[in-house]
Amino acid sequence: MQDLLGLPIDASAHGPEIDHMIAIVHWLMAVLFVGWGSFFLYSVIRFRKARQSKADYAGVKSHMSSYLEVGVALFEIVLIVGFAVPLWAKRVNEFPPEKGALVVRVVAEQFAWNIHYPGADGVFGPTDVKLVSADNPVGLDRSDPDGKDDIVTINQLTLPVGKPVIVRLTSKDVIHSFGIPLLRVKQDAIPGQVIPLWFEPVETTENIKERLTKRYQIKKGEYDPRFTAMVAMMDYVDTENNLIAGKGNLLFPDVIDMLAEAGHNEILAGPDTPMEIACAQLCGLGHYRMRGYVAIKTQEEFEAWLSEEASYLPE
Amino acid sequence: MQIPYTVAARPDTGLHNSKLGIWLFLASEVMLFGALFSSYILLRVAAPEWPHGSAILNVPLATLNTVVLIASSVTMVMSWASLMLKDFTKYRRYMGLTIVCGLVFLVVKVFEYGAKFSAGTFPGEDLFFATYFTLTGLHGLHVVGGIIVNTYFWGPGSRMWNTEPRRFTNRVEVAGLYWHFVDLVWIFLFPTLYLL
Amino acid sequence: MDHITTEDVKKHVRGYVIVFVALMALTIVTVAISYLHLDVTAAIIVALFIATVKGSLVASYFMHLISEKRLVYLTLILTVVFFAALIGGPLLGLHDTIQ
Amino acid sequence: MQQSATTERRHVESVRHEEHAGFWRTYVFSIDHKVIGLQYMMSALVFLFFGFSLMMLMRWQLAYPGKSIPGEVFVLLPAVISAATLVIALISKRKLIGLVGLTFAGLAALVWYLVSDEVLFPDGVMVPELYNSFGAMHGTIMVFLGVVPLAVGGFGNYVVPLQVGAPDMAFPRLNMMSYWAYFIGGVVMLASFFVPGGAANSGWTSYPPLADIATTGQTVWLLGMVFLITSSLLGSINFIVTIVQLRANGLTYMRLPFFVWAQFITAFLLLLAFPPLEAAAVLQLMDRLAGTSFFLPSGLVISGQALEVSGGGSPLLWQHLFWFLAHPEVYVLVLPAMGIIAEVIANNTRKPLWGYKSMVYAVIFLGFMSFIVWAHHMFMTGMGTVISTFFQTTTMIISIPSVIILTALMISLWGGSIRFTVPMLFALAFLPMFGIGGLTGLPLGLAPTDIHLHDTYYVIGHFHYVVAPGSIFALFAGLYYWYPKVTGRLMNDTLGRIHFWGSFFAMNGIFFPMLIQGLAGVSRRLWDGGAEYAHAQDTLYLNEVMSISAWVLAVFQLPFIFNFFWSIRKGKKVESDNPWDATTLEWQTPTPPPHGNFAMVPQVYRGPYEYSDPKSPKDYVPQNVA
């Protein structure tokens, strides 16, 4: 059922539980729809006027339908008691201890995601609305010792794999919604409120990229718009062995044309940024482009990334 | 065929049309003011601090207004009772008094608002004043509406007394139900805004 | 008001005067209490209690709710239930947020 | 029935007055429920068409993001309709059809004005602001100016008094005021396209703080809403009083046609759910005009600038007040539709509705429950376990009465002698289509699954299945079904069948792909339809499928619109006042019913759907036959 539904790849620890539940609900829906649908079609055909010239005043006398309704009700009780409530409780009550987790602040604004890491000391520096400026989007007080080493990125959420992440979510202006489909995470970012959420990524984005890599037919002069968000997933050379597009190269129209010219009628391509933060709440004219990128790295890569970011910090 | 039960009550419900109509209308008004009360409670519970109404609002004036409005409710119901007793002159007198009370209420309100405005206090001041102005303003509009209706029944509308006395009495009763409701809303607004 | 006699109305009128006096008295009581500066919870309870009593008096006597028809009661009960939901829901939402 | 001589006299006068009243009194400021019903119906149809036109323009942008729009093509449709209706008006010499033709010409002009505007469509490409504003107005217009006025104001007004055996609505003048409040509300909404910054663009949900800081169009939207709410309130009081007080002799509650029951419950929803939105609208108006901050928390920074307000407000307060209305409102969209379906199915299966009583109890229960499920639209606002459990449970509970009603309707088919008339086709299609829409509500109603689906196209797919091939189909069924009562003529059958089949496939072509996109995680309200998102790539091709289906759907409305106007004069004449051999009271009047409807109060002897009673020689027994 999960494949049938076309759910995206699932890269978080809790995701399969949600997917499982989506699948179960859709099974119920399918059973009801097919069941009632068959009854419906049969009745419509069997009792058409041409076949049944006189209607039966009493109609159905059995109580099947009541049992069925009770059945649906019972199923729904099971869904709520057995799945919905415990799953939700796990999401909102059972936060992992902050010690073993990565804590980040996410401050949404029209139309960007500001990501705030506590830095080496593990403590967030104080923030103040008055300090907000173009190069200090979260209003971080750099003069405070806690704030000195904090790292702030825009639209780039980098996380280590296999470690719980706690996000403290808020917004500067209007309501946004922090949604990462591939992590089965969604939470509205509400100004004036800080709402925590947590998840645990279990797969690196590199891995996901590989998994999403597919063969695509190409032709000169015909550009599949999907290529705008894709990169080549192996090195491509022309007849003289000159590199046209290396692994990771963006697939612009001219690149495609060159590839086709060089005789490649099939290429391996994968999404450039497979995992994204999609703002799910209408937040103004730029809502459609309020997109953040999630990179899930191995612990070592993540630490390397952190120290690189730290090296850019103002002294 | 014509519309039944405009005057007499329908036997199984015991109500005539406009009586049921006005109660339904009042039910919707309960939800309107209810929603505003609900907002008030929510905002106040969530607020770190909330000013004490009596410290910044004019309690004596509001008390006066409470008295005036309650009095107007009594005169309103008396005007209906006078019609029931077939005493049209008394009806006019009581209805007139009701209108006057309504106007007094508004005049006092104008003074209250005026004092706040001239002191530079506007709805945008803080949440307290925002709720204060919105709630009393909306209530004030209801008072204005009531005065218009009552004035109509005091003046031109009262001609119906000569042609259809029962129907006219019903109309006054219905107008009265509305007016009492407006009074009732004030009875709750007064302590919540001014005293707490 | 189909079966109301002149006698009934006269009785009503006496009732109105009593209710009027009671309302005035209660108004004075609320204002007086507010000058006592009770603590907030007590003040809210007392003030709303008195307001409810006053409101019930107006509704019961001036609006004749005390002798109204079943249909009107049903409508109002329904309204009160939804009103309660309208207050309860958002308040619950306020208190039961993810911390 | 007691009545004083004076009222009698006044009434006679007013009837006479009506006869000599002339155009204005008869058609414009009429107090006859049937005329008002038709006014509602025509206005609502035009608004539906307009709401659809906005969406057709938006669907261009979704299918071909960033490509220049062929404005002429989109103007063509209303222009053709306008020309055709004007021709029909000339042939049949009907001023009113001419009026509609002019309205469509106005619509064509409005569309032209919009697409040729260099600011809104630089190089023919719709700007994101405009996309948002069209989206908000599409939602608002469809819900508040299209479906509800058609279902409640139109069919409710025309049919309910007839079905309860009443001469008119209880308060005819209030009824007229209700229509005009709606009309003004509609005009205000349309006018908002011309204010600086354009129409409201914060979604039909108008969530603050976004809506609080939006352009002037939002203020106009709020004012328009105040008029529409007033209209609904006046209307709902009228319906309840009419149904309670004006029922004919012998017409007990359990003998009411299901349509009347549906309207009755709907009226309660409108009466008690709308005022909180009115309150919310007042608060938002205060925020926008008087500088208060009911919905604005402290410390907002808008585009790098601290917002100068006192703060302290709560954005979620709006959501509570809005959904307190808007959830019941969605049942307002569907209950009258179910009512129409019940009438049509009983009539065309030639047998009583199965489980009529359980349907009535179900609809009462549904109405009650609809007031306490609203926060299922707010699962992602940071709800804890207690409140989310409460609202998930109520949401699951409310699906049960829907299942009961649908089940009863479907079982009613069993043993029938089904006539596939055009209204019946629409009614039959309603069942599985509402089924899909309703069933897709279940995963949305469970908080954990809603995490993935909230604010994606899955939600859009869910509710369009219930409102478009659901409610709109039911409304089409109603139009075809009651048309002969109003005009004395039938609509053309072949054109009706073309309309049905075309609409049926096109609707599924639009809305099924939405569910697929939603499961893939594509957000709603995206100007480019998700073109940039990696997770959307695999389902992007569906955007074009949906758009083409939408335009095809539009083309298949042409036979309907033509049929609708043409048949007024040229349709096949009905042979009797009761062409469908129906049982309910509206068919026991002359066609069209005169002012005052019935010569005397009808006496009702039986339930609403006495078809094929073995004790009776004919296959139907009208309610007023002893």
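In order of appearance the chains are A, B, C and D, and numbering begins at 1 in each one.
What we mean here is this: a residue touches a chain if its C-beta (ideal position, glycine included) is under 8 Å from a C-beta of that chain, and two chains touch if they have at least 3 such contacts.
Here the structure is a predicted model, which means the values were calculated and not measured.
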Per-chain CA centroid nearest to the all-protein CA mean: D
Centre-of-Cα separation between chain D and chain A, whole angstrom: 34
Cα-centroid distance, chain A relative to chain C, in whole angstrom: 52
Mean-CA-position distance for chain D and chain C (Å): 38
Touching two or more other chains - residues of chain D: 244, 272-273, 276, 314, 316-317, 320, 324, 381-385
Multi-chain contact sites of chain B, meaning residues that touch two or more partners: 8, 13, 15, 20, 24, 27, 31, 34-35, 38, 42, 46
Chain A: positions in contact with at least two other chains: 92, 193, 195
Chain-chain contacts as defined at top: A-C, A-D, B-C, B-D, C-D
Parts of chain C lying in touch with chain B, wherever the complex brings them together: 1-2, 4, 6, 9-10, 12-13, 16-17, 19-20, 23-24, 27, 30-31, 34-35, 40, 43-44, 47-48, 50-51, 54-55, 58-59, 61-63, 69-72, 75-76, 78-80, 82-83, 86-87, 90-91, 94
Footprint of chain D on chain C - complex, ascending: 71, 78-79, 82, 85-86, 89-90, 92-93, 96-98
Chain D-facing residues of chain B, complex: 1-8, 10, 13, 15-18, 20-21, 24-25, 27-29, 31-36, 38-39, 42-43, 46-47, 122-127, 130, 133-134, 138, 163-164, 166-167
Chain D - residues contacting chain C, complex: 244, 268, 272-273, 276, 316-317, 320, 324, 368, 371-372, 374-375, 378, 381-387, 390
Residues of chain C touching chain A in the complex: 97-99
